[in-house]
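Here is the structure we will look at, set down as structure tokens.
So that you can tell them apart, the chains are marked A, B, C and D in the order they are listed, and the count of residues begins at 1 in each.
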Amino acid sequence: MKSYRLVSREVKNEKTLVRVKDAVFGGRKVVVIAGPCAVESREQLLAAASRVSQAGAVMLRGGTFKTRTSPYSFQGLGEEGLKILAEASLETGLATITEVVDQASLELALEYVDMLQIGARNMHNSSLLCMVGRSGKPVLLKRGLSATVEEWLLAAEYIVAAGNDNVVLCERGIRTFEHVTRNTLDLSIVPLVQELSHLPVIVDPSHATGDRHLVVPMSRAAVAAGADGLILEVHPQPERALCDGFQSLSTDEFDCLMPGLRAIAATVGRVA
Amino acid sequence: MKSYRLVSREVKNEKTLVRVKDAVFGGRKVVVIAGPCAVESREQLLAAASRVSQAGAVMLRGGTFKTRTSPYSFQGLGEEGLKILAEASLETGLATITEVVDQASLELALEYVDMLQIGARNMHNSSLLCMVGRSGKPVLLKRGLSATVEEWLLAAEYIVAAGNDNVVLCERGIRTFEHVTRNTLDLSIVPLVQELSHLPVIVDPSHATGDRHLVVPMSRAAVAAGADGLILEVHPQPERALCDGFQSLSTDEFDCLMPGLRAIAATVGRVA
Amino acid sequence: MKSYRLVSREVKNEKTLVRVKDAVFGGRKVVVIAGPCAVESREQLLAAASRVSQAGAVMLRGGTFKTRTSPYSFQGLGEEGLKILAEASLETGLATITEVVDQASLELALEYVDMLQIGARNMHNSSLLCMVGRSGKPVLLKRGLSATVEEWLLAAEYIVAAGNDNVVLCERGIRTFEHVTRNTLDLSIVPLVQELSHLPVIVDPSHATGDRHLVVPMSRAAVAAGADGLILEVHPQPERALCDGFQSLSTDEFDCLMPGLRAIAATVGRVA
Amino acid sequence: MKSYRLVSREVKNEKTLVRVKDAVFGGRKVVVIAGPCAVESREQLLAAASRVSQAGAVMLRGGTFKTRTSPYSFQGLGEEGLKILAEASLETGLATITEVVDQASLELALEYVDMLQIGARNMHNSSLLCMVGRSGKPVLLKRGLSATVEEWLLAAEYIVAAGNDNVVLCERGIRTFEHVTRNTLDLSIVPLVQELSHLPVIVDPSHATGDRHLVVPMSRAAVAAGADGLILEVHPQPERALCDGFQSLSTDEFDCLMPGLRAIAATVGRVA
């Protein structure tokens, strides 16, 4: 018997659709979320939002409460960033997502954004999982740095068991001995998790590879493997980004990426 | 330049002594913390406390807020467990330690115990690290499941940067491809971290190996490698434990362990 | 400065084309190698060869000297298997490849097959690398179980330094903590290695995933990521295979796979 | 049922004693093998041999056929090195061990040394395992870079199944995400493998840690964990070594190490 229940195909065979404004995760359309690692300023975010919207993204990402490895790294704009996200949403019609890290950031985020993100570093934070579960808001649950598939599905189980079945899983690379890429993107588990669970599964090639040059081929590979969506770091000026610039696509690069993704989506019976 | 500062030997060369009642981490004495994985009942904890105290432990461990991988596993007794810990401390004179997982559990723990534990699953939870940092209470910081030494020291840096330099590091095994042991105990980093940092470093062979038969040899190895202490799971009836019974020593086994540790400690200029 | 030289783009920028009869690795066409894990009998191999040829494979694989983890597993038919491979080649026109494991198997293979394979377990066997280097025969070099990209390229350097630049690299999954798949297919390194080296890079989704259900999506993903080819286990009756049946496609499944690969290849400017 | 048989405690419960001249692996005495990574010259080896013999080592190590990751690294002196080893043995009475990598090096080594070593990079080389098995000479079998305990015991099974039960296992660190040490020394598997198998198990802290400062504490830890021996890199002038100098003890450091090991051995009922 498997340790997870509610998220299992054995309990519910039909694929779950998670709706966030116009975006539907788990349907025919490959959902593309794009935007900068962190909200840095009004200008930066509005520029990014406008461009990714035109190119075909349906959701806008932007971190305002960052879980940084070092206490000396940029920790995010907090509520000010959330307001900028809300404004960008109003201007472009894009749904928004931001990471929450504790009760305080969750309470703020609930007022301003359409979807909550649990980052890899908090996947095992069961207290936070219960809180976002009780909130009822759609949740993007990233796989932990070295979480097994079973632990990841059990983390989703915490959220669903708290009453919230609007959960989308996100593969973002795992930690291995190989250090030429930031993490090792474990794409095989996309079709595997889709077999085990009814929850949608998307892919984050930006954090997985840590290298903008690899984001384009891995985005294509993710769509070909059947991913239900992508979350991509896109910055108007990656070379000036306050975090993770080396793995961000420029808005021009994002423009070029989208037509190719549509072509591949078509070969696997999807649209992008 | 290293990314951590305050915890580095470069900033403070002298070894930090962390005092918790009669226990002093970082001195000549190898500090032995013992007790059950979880506080299950008054009887269980008082029995464990009395026995480990007689055998030479100076601190009592017992989980009351558990971070379990599955929402269906035993989640701990909460405040009731803390009261039992406090009673056991009063009876035996042992200092106490328990894991905290969020603001609520932290606030309660501050009233009842002598040292706070940050578990492996929360090592990257910077929000919690800041909170225990501001509390000023001694903290035992476990290494994350797949945290590098640098990330671990940066997690300690979060606590010290928040004003609390009473931090003890705890190696508890890392996640590798090898599954015959629960985790891979990375004992080499004990002398290495003692070189890099002035903070005391102790070892948890119970979680690292997940196998009671390996706890005795690995406890000896840890002391021989120069660890500043040990944290061991000891249960009056391991076969009836609500969690992790297979890796708990019985109180009789703990009795047998201690004289051997004292002998090894003597060979490396320590006492146990 | 990088430790490898001859295989580096810095020394030779132009992509190397490795020709094996009609197959050309590194060109516009995605080379598909197919066939059973092991040559088991004349009937089995001829049936597989005829079907994979019709479906569009250009090379036939079949192990005759197996490197098995256990001395009690099937070790291969040896020279008898090589004769069957040669007969299948004559009947279908397919080029052939087999694994060599030492001097004796190498000497035999040189008489019968068109390409030599160095398996993951021998990637660090520098004595064997030198021998296949001196042979001048095209070589497929699999990545070791936990080899870094640098070590893999250095293994290729051994072959090229011995005078043989007909080397094709093959990603076949690396060993990680995750055991729901046999190995973790590290697809990101395909575009990365193509940047670092002029040698062609192909992918083995059969050994990487160890699960026939994942072979189809991961084959698609590999082509979308820009791989120069695929090596696939295909068996006329996977349920009766003497080794690795659970990861072999049936010949019918292989028929279904090929049109989808052609469609994806077209979206990235390739043919399959 | 376990996949290995002949090496299992279930088939033979009594501990195997492997005798190499005066050294007996698996008995009460902790066998210490010491010497340089590679035989570089007559002067270097004789100097090392004389010093390690005086300090209490009973076997002399020295590589003459090196398996190097790069074709441009020092590959060893070959037969000339073997002659120097034999001379050092004659002068000091120490038994000798060297690594073999293929049939040619094996045939030469059989003439000159007392024990053969299979390195980590060849643990999966079943052709070589069979050859050393048929030779009947005592074999030290290192664990592969990322070999599971089961694969390691199956590699030993190849040797024993070929008729040679003089096999000693050697833990030398595994490959993990952690790169502050060269490998992660997996000391917990020493007592575990001693439970599973009747073969002696020794530890190589030099290759495991890759850092001379960690060799002393990890040698102590290995003895405390119950290892049947140690293999240590010791060089008269580590700063001038042609390979692995940073992880070699000087002969003076080796002198200082031995008394401490003897003290720890005594606490676990052994002599060193």
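Here is the rule we go by: a contact is a pair of C-beta atoms (placed from the backbone, for glycine too) under 8 Å apart; a residue touches a chain by one contact, two chains touch by 3 or more.
Please read these numbers as outputs of a predicted model, since none were measured by experiment.
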item: Chain of greatest Cα-centre distance to subunit B; value: C
item: Same-site or different-site touching of subunit B by its copy subunit D, using the half cut; value: same
item: Mean-CA-position distance for subunit D and subunit C (Å); value: 34
item: Distance from subunit D to subunit A - Cα centre to Cα centre, in angstrom; value: 48
item: Multi-partner residues of subunit D (each touching 2 or more other chains); value: 146, 175-177, 179
item: Residues of subunit B that touch subunit D when the two form their complex; value: 146, 148-150, 174, 176-181, 184-192, 195, 208-209, 211, 213-214, 217-218, 220-226, 260, 263-264, 267-268
item: Interfacial residue positions of subunit C with respect to subunit B in the complex; value: 146, 175-177, 179
item: Partner subunit B, residues of subunit A touching it in the complex; value: 3-4, 67-72, 101-103, 105, 121-122, 124-128, 144-146, 151, 154, 157-158, 161, 175
